[in-house]
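Next, two complexes with chain A in common: one pairs it with chain B, the other with chain C.
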Partner chain A sequence: MTDQVQKFLEIADDELILGWRNSEWTGIAPLLEEDVAFSSIAQNEIGHARAWYELAARELGTTADELAFDRRPEEYRCSRLVELRLVPDWAATIARHHLYETADEARIAALKQSDDPEIAGLAAKIDREEAYHRMHAQMWFERLQDEPRFQAALEELRPLLDVRDEHTPELAELWEEMTMVRRSVAGATW
Partner chain B sequence: MVTEEQVWNALAEIPDPEIPVISLVDLGVIRSVDVSRDQVRVEFTPTFLGCPALEVMRDAMAARISALGADAQIEVISDDSWSTDRITPEGREKLRAGGFAPPAPREVGGPKLVQLQSNAFRCPYCGSQDTTLENIFGPTPCRSVRYCRSCRQPFEQFKTI
Partner chain C sequence: MIYEVFRQERKGQAFAHAGSVEAPNEEFAEAYAREQYGRRGESTALWVVPREAVHEIDDFADELQKNYHRVDGYPLKEKLGKARELAAKSPNGLSAGAG
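Right after this comes the complex of A and B.
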């Protein structure tokens, strides 16, 4: 696997897993607006995951669905930050959202400079959608930045961002939920 | 023998699955139509990558083209070539009439929170500029929710992309 395919998988895995985690707020967020926001952000992230999986799948001779759902949990390349189940901790959720969007912005900015027009074009499109996630993260960061609980969550979560080789048991639990239907109906196409 | 014009006309009859007041042609998501003999190749640019209506749009285009007696090849182009600036003037008017405020023009560097919070967005019902941002996110990825203080009506604002 080339470094580039590895990079696509890292991003796709991050977006897929975080998309699932964000969707866990659907119906139970502290404000109705945040139910809508986290559901919409989750939907975007999973759309981005699919786009990167499709690029990786073409290189690897497989499909986006197989990459997303048919690997073992230990094969995922996502950051430990996105694996954690943070519901019902709102301060930690916003801390993760802010840490992730900040790091993702730098990663996407680098891909926008790619010599490959397909990669640069996809990164540019994703960046326009992510701009809305960043605004949302920034708005909450400003509201919570003086809260000790929020500060503590930022300190606790920040070191997890670059950990990709060791996964938490929470990823395996999420994988069970995420792939349950696919594993139970072998060979199904949707 | 199918003509390019017939294909464009057929595609112009397909409503957006989530905002049916506007057609796919009005929405500007059809980048090109290429006809050679009975093969029709359409380049289609998604609005948002996570939009669940993409497959519905693709299937609807293929069905309309098949109904013209041609083979459809729908190519999805996931790059930055679609922007809300591609929505046609007719499309913008149809959005407004349907209660959706059309998107602000794309600005260099993308939208900023301070712009979204400004009251320069017009209410599609009464035309007032006295509106506030309620939520950056709405019922679909492409919409925000605003509130008009003049007619006290919440409304959906198409996001600038």
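Right after this comes the complex of A and C.
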């Protein structure tokens, strides 16, 4: 596997798992408007995951679905940060959202500079959606930054951002849930 | 705070009231309006206005029942009918449409 494919998988896994975790707020976010906004962000993340999985799948001769759902939990390349189940802690959820969007911005900016026009184009397209995620993360950050609970969550979560080689038990639990339907029928595609 | 959201479906069209969002400030209101009324390509533009900025007028005095001021107060149907009848009977051949 080339470094580039590895990179695509890192991003795709991050976006898939974070999208899944963020969607756990659907129906129970602190206010109705936030419910809609945060669910929409979660959907976007999963859409981005799909796009990166498709690029990786072409290189590896497989499909996006197989990459997303048919690997073992230990094969995922996502960051520890996105694995944690944070419901019902909104402060921690926003802390993660802010840490993630800040890191993701740099990663996407680098991909926009790619010599491969397909990669640069996809990164630019995704970045136009991510701009709203960043605005959302930023406005919540400004609102919560003086809250001790929020500051504590930031400190606690920040070191997890770059850990990709060992996963939390929470990823395995999420994997069970995420792949249950797919595993229920051998060879089925959805 | 409640913000009223107006949306424009196509460029050049009038803005119509879309609904409202509850948000702690203007920035949140914009983000929420964007997600609720703009993310499916259903709007070309939005107006987000604090509810207090909207001045509602709902008292319209009409003490003397001047129903001829109203759009529905001046029925033409009967008059048109009579005019058409006259035109049809007219010996100099005026067409009904010109009545």
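Note that the second predicted complex is superposed on the first by the 190 of 190 C-alpha atoms of A that agree within 3 Å, B and C clash if a C-alpha of one lies under 4 Å from a C-alpha of the other, contacts with A are read in each partner's own complex, and residues count from 1 in each chain.
One rule holds in what follows: a residue touches a chain if its C-beta (ideal position, glycine included) is under 8 Å from a C-beta of that chain, and two chains touch if they have at least 3 such contacts.
Given the structure is predicted, the values throughout are model-derived calculations rather than measurements.
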item: When chain B and chain C are modelled together on chain A, clash or fit; value: clash
item: Which of chain B and chain C A:R143 touches, first, second, both or neither; value: second
item: Which superposed partner A:R128 touches (first chain B, second chain C, both, neither); value: first
item: Contacts of A:D13 with chain B and chain C, given as first, second, both or neither; value: neither
item: First, second, both or neither for A:S40, with chain B first and chain C second; value: both
item: Chain B versus chain C as contact partner of A:H48, first or second or both or neither; value: first
item: If touched residues of chain A are counted for chain B and for chain C, the larger one; value: B
item: When the two complexes are fitted on chain A, the stretch of chain B hitting chain C, from 44-52, 80-88 or 134-142; value: 134-142
item: Those residues of chain A which chain B touches in one complex and chain C touches in the other; value: 33, 36-37, 40, 132, 135-136, 139
item: Chain A to chain C touching residues, read off their complex; value: 31-34, 36-37, 40, 132, 135-136, 139, 143
item: Partner chain A, residues of chain B touching it in the complex; value: 48-52, 78-82, 110-113, 116, 134-141, 145, 159, 161
item: Complex contacts: residues of chain A adjacent to chain B; value: 33, 36-37, 39-41, 43-48, 50-51, 117-118, 121-122, 124-129, 131-132, 135-136, 138-139
item: Complex contact set, residues of chain C against chain A; value: 21-24, 27-28, 31-32, 34-36, 39
